[in-house]
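Remarks on the structure that follows.
Labels A, B, C and D are assigned to the chains in the order they are written; within every chain, residues are numbered from 1.
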Amino acid sequence: MIPQTFEYTAPQTLEEALGLIAGGDRKILAGGMSLIPLMKLRLATPGEVVDLGRVSGLNGISENGGVVSIGAMTTHHAIETSRVTRAHCPLLAETAGHIGDVQVRNVGTLGGAVAHADPAADYPAALLALEAQIKLISAQATRSVAASDFFLDAFTTALEPGEIVLEVEVPAEDQSEGYSYEKVPHPASGFAVVGIAARIKKDGNRIAMARIGVTGMGAHAFRALAAEKVLENGGSVADAAATVGDGETPNSDLYASADYRLHLARVHAARALATAISRAS
Amino acid sequence: MATTISKPATLVGKGIRRQEDPRLITGTAVYVDDIKMPGMHHAAIVRSPHAAARIAGINTEAALAHPGVVAVFTGADVKNLGAVPCASSLPGLRVPHHHLLAQDRVYYTGHPVAVVVATDRYVAADAASLVEVQYDPQPAVADPEKALAAGAPAVHPQWPDNTSFTFHQEGGDTGQAFRDAEIVVKQRITSQRLIPTSIETRGVVAEWRPGEKSLTMFTSTQIPHLVRTLVAGILGMPENHLRVITPEVGGGFGSKLNVYAEEALMCYIAKEIGKPVKWVESRRENFQATIHGRGHVDYYELAAKRDGTMLGLKLKLIQDLGAYHQLLTPAIPTLSVLMMPGLYKFKSISADIIGVFTNCVPTDAYRGAGRPEATHGIERMVDILAAELHMDPAEIRFKNFVGKDEFPYATTTGLFYDSGNYALPLQNAMAQVDYAGLRQEQATARAAGKLMGIGLSTYGEICAIGPSAAMPAGGWESATVKIEPSGKVTVMTGASPHGQGEETTFAQIVADELGVDIDDVMVVHGDTAVVQYGIGTFGSRGTAVGGAALFYALQELKAKIKKFGAMLLGSDNVSLVGGSCVDDATGKSVSFAEMAVAAYHAKTLPPNTQPGLVATYFWEPPNFTFPFGAHIVVTDVDRETGRISIRRYVAVDDCGKIINPLLVAGQVHGGVAQGLGQALWEEAVYDEQGQLITGELTDYALPKASFMPLIESSHTETPSPVNPLGVKGVGEAGTIGCSPAVVNSVVDALSPLGVRHIDMPLTPQKIWKLIVQSGGLS
Amino acid sequence: MKRKISLTINGKSYTDEVEPRLLLIHYLREVAGLTGPHIGCETSICGACTVMLDGRTVKSCTMFAVQADGRQILTIEGLAADGKLDPVQEAFWNEHGLQCGFCTPGMILSSKQLLEDNPNPTDQEIRHGLEGNLCRCTGYQHIVNAVRAAAKAGA
Amino acid sequence: MKISGVYTLNVPQERAYALLQDPAILAKCMPGCEGLDRIAENQYAMRMKMVLASISGLFAGKVTIADPNPPTGYRLIVEGSGKIGFMKGDGVLMLSPAGSGATVHFEGDVQVGGTIASVGQRLLDTTSRMLIKRFFTRLAAESAQAGVERVAAD
């Protein structure tokens, strides 16, 4: 469990970092909670590693005009505990608290997790439910991609070569909203066997808005659009949950076969929705 | 001379904090990987990625050319050294020759093929990946029942039936019992492969001293002396030129009750390169190449009367041995047979073991070693019988227990249970949970469609292992007690504790026996150059055998001290009181220090007495001990997801006399955690090609803090007559009592759905599928 | 190519030339000679390698030493100030929160972090707060007792 | 691990069969394949660089086409090994006409060993399906026809 040799650079500025990333076979170290284990296993053997840990301006959480901006190098712990996230996007804070364990949350970063796009990662579910925008930057340009257009396949995102995640913009949740992240963690790895992020806005007894992000179940996280519609059209939680995963090919592994995983996703979707509805005012 | 004597408080029985902890909580304890030596090299082992393959060739050139590499060893280099030893012998046992490194074939994933030695750990890892091994993969078989099927790939080509041994044991007349039976219940019960997973992996540092022609090996083991004898045998060197030092050991649980190829290899390499060499196992290696536990497929048949009286028990036991025999591999299932009657009065038993080779790492002793399998089997069968008879599982147990006046009790398997009151722990546990109330609550819950289970197990185990007649290489234990010239006391125990806390419990015994301050006692272990020969720590024997040896050594020493006391006091009637010797007539006393000085200065000596104050005792136990207890587990099963939550865990254990209740509680908690691990989460899974696909802790689920219920632990104390301390042993009790109680509880929860048995681990998916199959979701 | 790093460990300055691939745990154990943090799993699960980096717990087997350049590290060896045990250490001792001791340095530092974040945790919060540390010996119950006792002692 | 699936190609069955047997096409469509060199009738040496996010590995191995039965099907065996482990895919491809195109039904078994097997079980199913999908997507592009349509895969 010893990584192969590599060259290491730790740029101080974004410009410097983007210049380095623009050329060559370079891996980006953004915390390293996924990359370093892969390097130790020698499943990843990059020749050069660019550590974003010292780039100024990539770290921080702020709220401005109803949008919460979170720098790519912000740790899960910061997102879990920040007053800004807890006040304005509590779903994301709650989700962050489910990632790995305390030590992992102290080091792992939002940008790293999003760019790695593990099919069982927690954030994507919440980012989809929150309709977050992921801002990407390269030496040439900056662009913003909706979360729903960002996660394309297992470990595959809209990131182009030379691009990095700059920050994630989350529209602030309405104070009246209810939210919940329901996760079935794998007992060994802690990865999401399934994870459901739900947001609910009520209008009296009617559900005015439902947003449901699902992770762990398919090759990449997705929005359960049909379920959202069921709820917004006055359908029951049970009916909504029963549509989650329709048309998806569920992942299958030793812990959860495809049919069990699909079932879990539906059960936990119902539970997440129930919690979100109970929290909505 | 002082005349006032204050008798120190009795320490035995007190839950005092441990003597060994200050070094452990400050990070200053020394484990194998903490050892550094001048000129020390590092070894990395190249292992087979295939479960079965011919080795067509090995090219070490690139590795040897890598800067910093000093040597690469392959099978050819060690071909003429001895084999990894198996100490067990059974009639007709087939023992494959277990070379230190693979010769022309590999037999399991992780089989060592070559060793790369370099100046640096990182360089060794780099160079290991440069060793090119050409494999010609062969069909593999990883499942013991498939290995027995006609046409299965032969693990060892010379034995196409994959059978290492068969073993039959019978007691009483099972034929008659099954003819007399009014009911017979049958069940296939598995006990899955488990990975012991001590948090410290194995590791070895070996150093050759050419001037002395001697080797020093630091190794993380439970049995330093046996390792010395057996590794010296492999290397063909005099064993008194091999010194084995066991520094701090970060957990063993049976996995370090063994002699491994790497221990002999590092000794060999240190001598070959003339430099100290270190090898520390990675977690992957630990999973692939350190022994696993369990691996049973058991077919039970239980004969009984309709009133619940159990008559006879038949067992066909298929033991997955793996590809080789490690130290005790074939012996483990025989322990299961010995304990198959449990705590019950069976008139007859019959057992057939089939030991099966598979292309997997060998199985061997893991916490409980054979007894958890036996207990799981009988305790499941009793519950299955109770369910068939519509009897309460507690009632059927009370009916069949060996009575408290029947000890020593001769079992149909040839054992003599030492002492017991088997009903008492169950009565206590039932009172503690309000069993009748719980059953009522369960009825209400069931009526509401909830799946609530109450499970119990009443276990017996065989401990204080064991009388030498029943052991391959001696079952006694040794202790030396020295009163140093300054009056301080040094204990050298042949047992080699590694977390159990004998530095404390032994010091408690010494402090009480000699009346000295516990802080004046030092317990030394794990160095063959310092400590007299010993057997080691396993089979819940540390205190029950090692502590008894210590007790007898102390009696000898006390007799000698008294002679010096009498001499100094000029009296024939003296007593040892506290840390002094007192003249019974005058009350005058001499202190320990004064007697020690007299003994070592030896200006005058009592008649027929040697100078010095040292006593050594090798104690041969006359019997095993048989702890017992009752565990009750209350579970709730989530009907939607199959998830199990444990509402209550009550353990009432009887491990005989208790020396330190705090440490005993710790053993129970840890044992239960490993039992729960087996019951709910852990399973070493090999795929059909023999790949271990639970290859790291990212897939093999060890219990975490949040998984564990609160364990409500209490005790009954039935002293063992086997040893003078009255102790029975407690290292494995929690594990043995746990898994059947949990499974019984979950089966009880699911019984309204017609479920009668579930094999471990009880994963949510498995439970969910059972619920779905039974239509229980609707 | 080796890089020069300077960091402070347990209040003492260290400067060394290291390969970028050198893991922090190996730097601490083999270069700085601090063998309190242990290696238990290598896949960032067991937490035996836990140390504090700028006051937060990290798994030092999943971090390169170069990432710690210029930062403050606390290992178990630095916890007992002037030979006086930290209340968490004292509680682990009193409550028998360890057996083989291998996971203990990491477990103690994680407990310390837990109490810094939440001075009065419930048992469930303690158990969840220690999810990044595995113990194979104790069944965790005495560890939970120790953390609770340390909380009472105002650790 | 069992794999199976059905894809539809917008080329006639004979053409689809020819494409699926053409080493140049296979080399272009197999994810990571850097070349196939004929070593015997229906057998090709393969070099492959598998890249999946941060994970990458070089494999050397061979591709074997067995039991050819044009245009209805054949058996395809892909074997490779490298530092991170080894893999073997052995499956049967069955072709049938579907309108103006062809349906490819495959069924087989994937075995992996080494590090991939030790740590990869969680992702094996997901990534296998992804790689197969990539193969058929490229095959569709290579056939210079309109896109490939996935009917079902599990």
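Convention: contacts are C-beta pairs under 8 Å (C-beta built on N, C-alpha and C of every residue); 3 or more make two chains touch, one makes a residue touch a chain.
Quick caveat: nothing in here was measured; it's all calculated off a predicted structure.
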Pair of chains ranked first by number of touching C-beta pairs: B-C
When the C-alpha atoms of subunit B and subunit C are each averaged to a single point, how far apart are the two points in Å? 29
Subunit B and subunit D, separation of their C-alpha mean positions in angstrom: 48
How many angstrom between the C-alpha centroids of subunit D and subunit A? 31
Residues of subunit C touching at least two other chains: 19, 21, 42-43, 45, 131, 133
Indicate the residues of subunit B shared as contacts by at least two other chains. 121-122, 129, 282-284, 693-694, 696-699, 702, 704
Of all the residues in subunit A, which ones touch at least 2 other chains? 1-2, 4-5, 42, 186, 188-189, 254-255
Listed by label, touching pairs are A-B, A-C, A-D, B-C, B-D
Residue set of subunit D touching subunit B in the complex reads 83, 85-86, 111-115, 117-119, 121-122
Mind listing the subunit B positions that touch subunit A in their complex? 121-122, 125-126, 129, 282-284, 640-641, 681, 685, 693-694, 697-702, 704, 707, 763, 765, 768-769
Within the complex, subunit C is touched by subunit B residues 15, 17-18, 20-31, 33-34, 36, 121-122, 197-201, 248-251, 253, 280, 282-284, 498-501, 662-663, 665-666, 668-674, 696-698, 702-706, 708, 710-711, 734
Spell out the part of subunit A that touches subunit D in their complex, as residue ranges. 27, 34-35, 38, 41-46, 116-117, 119-120, 153-156, 186, 189, 191, 218-219, 249, 251-255, 258
Subunit B touches which residues of subunit A in the complex? 1-2, 4-5, 42, 184, 186-189, 254-257, 260, 263-264, 267-268
